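Presented sequentially are two complexes of chain A, the first with chain B as partner and the second with chain C.
Let's turn to the complex of A and B:
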């Protein structure tokens, strides 16, 4: 507990000491950790390994952006609309898919297919400017979820992450969380014990989808440009998965550790003064991640959080 | 109104490309059928072979088809290496581990290629790259015809191996019932390794024959694996004949839809097909319905 407080205190004062590059690196890392925890809700706790979460990320990014660009709605509110929309889409998708009893790799492929279909549609949808994407020109700071300095973005990302960690911890201790675990551990046994697995799997996906959308909105407001090629591709999904699986799925801390490891390291490497982000370094670091991913998954299938834990 | 000759031309092109897709998908589906592992990096094996073929041509002027003498054994061995180093250790792991580890392989290979070759698209120009035969109303590009012919021949060869040799019987036995196969004395680990190597070699063959008329970059692997997914599922995961039919079908759908709608929309349709198959008939066209 005291360790958590200490880390939080450190995190709160970090912007004071950090230069612009490190600050950006940590913002990216916090954002990645948030996304990972959102994916972890469905994949880690409920065992629903989705490959299509970019769909929800994209819905979040586009919803808040389009509402702002066309209606002037502040993204502070727009992101909640996006989350609601993503939650509805996720729920409907889950309701439809789980009816057909798809599991494991088949479920993963359906979600992947859904995300690809969404990208294809987005690329051809004039209303959202198709493949050209949307450039955000912000009018008012901070009313429009826009800041002139980088520090406020850091605090927003930090706040989002803290909330997400608390949500995960609360889920772990709740009845809903127990139902998720039951579904993950042995769906047949759970069903036989009277757990409505159809319902809880759907809830898991819907909840996870809504939360992922927040991350999409943050992305839009931070980078101020979105397109199907940036938010509806596999990259966000990869970020979520990498962090969660390496850190430890099904825990509140695992995805955070994993994401900070991958994202923070990557951004920092890209900006180190003496290396000056040479192409080779960036590519080489990705190769190192890949090897790390493979090694961790083979020898530490529970993720990095299990390091130092006693074997059962 | 699009004329019949244009449709015919597109259809032919679709069948040619579909044959290559089928070969790629067969390698993928073979590995899944036997080892139960979804190899996300399969498309990157194709990409790697394309690059090796490219290199052989650019440095030593070796024709892609001649280069197969090097490429095929090289990638068969590479597949065995990957199996021994990585795949072997996750065979008993849950599906999520399979996906993540092979994704790791995908990332590794993609970045390795990026490191050496950079992100630009590259191609080669052989003597037959632009030549074609005119047969009636359609023109038949030689390079694509060759690719299709070799792919189909490889499919037949693979089918013969699977059904007419004792190795093939061992592979099918291990695919059907690993424990039973082990009980009757089949070295299941060795069979898995050979199946994986065969799958990799199939991907490499496809990559090599595609090079005369395609462009390669470190990032083309993604498109190949996505197509392989759709085709393998459509045909029935684990079914070689199914993957052949699926490949030709998807090739046709892709070519014909490009006449009327944009490529990205056509892509979306292909994935909608995938979803429909996964929901309504997950065992595919030729798979057996399992409870």
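Let's turn to the complex of A and C:
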């Protein structure tokens, strides 16, 4: 508890000490941690290994952006509409997929396919500007979630992450969270314990989808440009998975630790002398990520949070 | 005596294998009923049909007056029929307390109340000391007790036990018999599948004998041990080997 307060206090004053570069890197890390925790809700706690969470991320990004550009609705409200929409899409997808008893690797593939289909639709949908994407204007408009300085974005990202951690902790201590764990561990035994597995799997995906959408909206407001090639690709999904798997799936802290590690690593690799040009950096960092992921999964299958714990 | 479970002419086939043919029996409130029969007689299939894992091809399952034929397993559990699995299915990564509390949450929605209920059941099952151990760390006996604890925590009116004495040492079997008696004394009806004859003969007020998916006899244990059909199908084999 004291440690948590100390970290939070440090985080609150960080912008004073940090230069713009470090601040941006930290925002990216907080954002990654938020979406990792959102994915972790379904994949880590309930064991529903979705590979299609970019779909929900994309829905969040597009909903707040399109509502702002077309209707002038402030993205502060638009992000909630996006979350609702992603929640509904996630729930319907889950209802359909689980109805036909699709699970495990097949569930992962179906969700991956769903995200691909969404990208195809977005690429061909003129109303949301197809593959060209939507550019937002850099401006000072706090009421519409636009800032010229980085600090406000930092505090929004920090607040979002704190809320997300609290949601995860509350889930762990709740009936819902316990039922998620039962579903993850053994569906037949869960059913025999009175847990409606169909219902709770669906709730897990719906809830996780809605929360993921908030991250998408934040992305749009921070980068001021979205397109199918940036938010509806595998990249956001990869960010969620790497942080969660390496940090520790099914915990509230693991995905945060993993995401911060990967964001920091990404920054460090960008500055290595022997990696020249964007292409080399991207390929080089992906190789490092892959090696790290494999090493952690072999030697610490529970993620970095299990470091120091006795092996059962 | 009020009828709690009424299995009516249930049949179930897997491909060409007739696992159950027109099986009928009842379990009354407060009764301990045993189901015996050689391997492949259809005992576990019968459990799976009663608890909603499989829908029968024909026949009906009525539990507490409600037709639960083909109902989802969690629904049957909520109605008050809880089971254990022959091959125990612990929540490997969850602690003993967490596992049993999940069962308790079925009827007690708040975590504190469910925790209290879970601890009460763990006390009864002699697992309190293991409360913080993960399921995967338990021994065979402890896993069987955990299965029973999880089922009991759902507060069933009918407990279905699938081979809880199998694989146990003789002294553990005695403990298990005492446990099941204790549970039944608490007002829970018990339907028990058992290979360990000593356990089932001593526990059951009534026994249903299955062979090749058919009920070949049912009655009190002392009647059945002298029934030539039963000796032929089951006891003969077991006793001649023993």
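Throughout what follows, the second predicted complex is superposed on the first by the 291 of 312 C-alpha atoms of A that agree within 3 Å, B and C clash if a C-alpha of one lies under 4 Å from a C-alpha of the other, contacts with A are read in each partner's own complex, and residues count from 1 in each chain.
Going forward, a residue touches a chain if its C-beta (ideal position, glycine included) is under 8 Å from a C-beta of that chain, and two chains touch if they have at least 3 such contacts.
Values in this document were obtained by computation on a predicted structure and should not be read as measured data.
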Does chain B (first) or chain C (second) touch A:97, or do both, or does neither? first
Does chain A have more residues touched by chain B or by chain C? B
Have a look at where A:181 lands relative to chain B and chain C in the superposition and call it first, second, both or neither. second
Have a look at where A:14 lands relative to chain B and chain C in the superposition and call it first, second, both or neither. neither
Scan A:291 for contacts with chain B and chain C and give back first, second, both or neither. first
Kindly classify A:224 by the partners it touches after superposition: chain B alone (first), chain C alone (second), both, or neither? neither
If you stack the two complexes on chain A, which partner ends up touching A:191: first (chain B), second (chain C), both, or neither? second
Looking at the overlay, does A:241 come into contact with chain B only (first), chain C only (second), both, or neither? first
Touching A:173 in the superposition: chain B (first), chain C (second), both, neither? second
Could you tell me if A:84 is touching chain B, chain C, both of them or neither one (first, second, both, neither)? neither
The residues of chain B that touch chain A in their complex are 38, 86, 89-90, 93, 95-101, 103-108, 111-112, 114-115, 222, 226, 229, 233, 262, 264-269, 271-272, 274-275, 278-280, 282
Of all residues in chain A, those that touch chain C in their complex: 173-175, 178-179, 181-182, 185-186, 188-198, 250, 312
Touching chain B in the complex, chain A uses residues 43, 49, 51, 96-97, 100, 102, 104-106, 108-110, 112-114, 116-117, 119-121, 123-124, 131, 234, 238, 241, 245, 249, 280, 283-284, 286-287, 289-291, 293-294, 297-298, 301
Chain C residues touching chain A - in the complex, by the definition given at the top: 51-53, 72-75, 77-78, 82-83, 85, 89-94, 98, 101-103, 105-107, 109-111, 114, 134-137, 150-151, 153-154
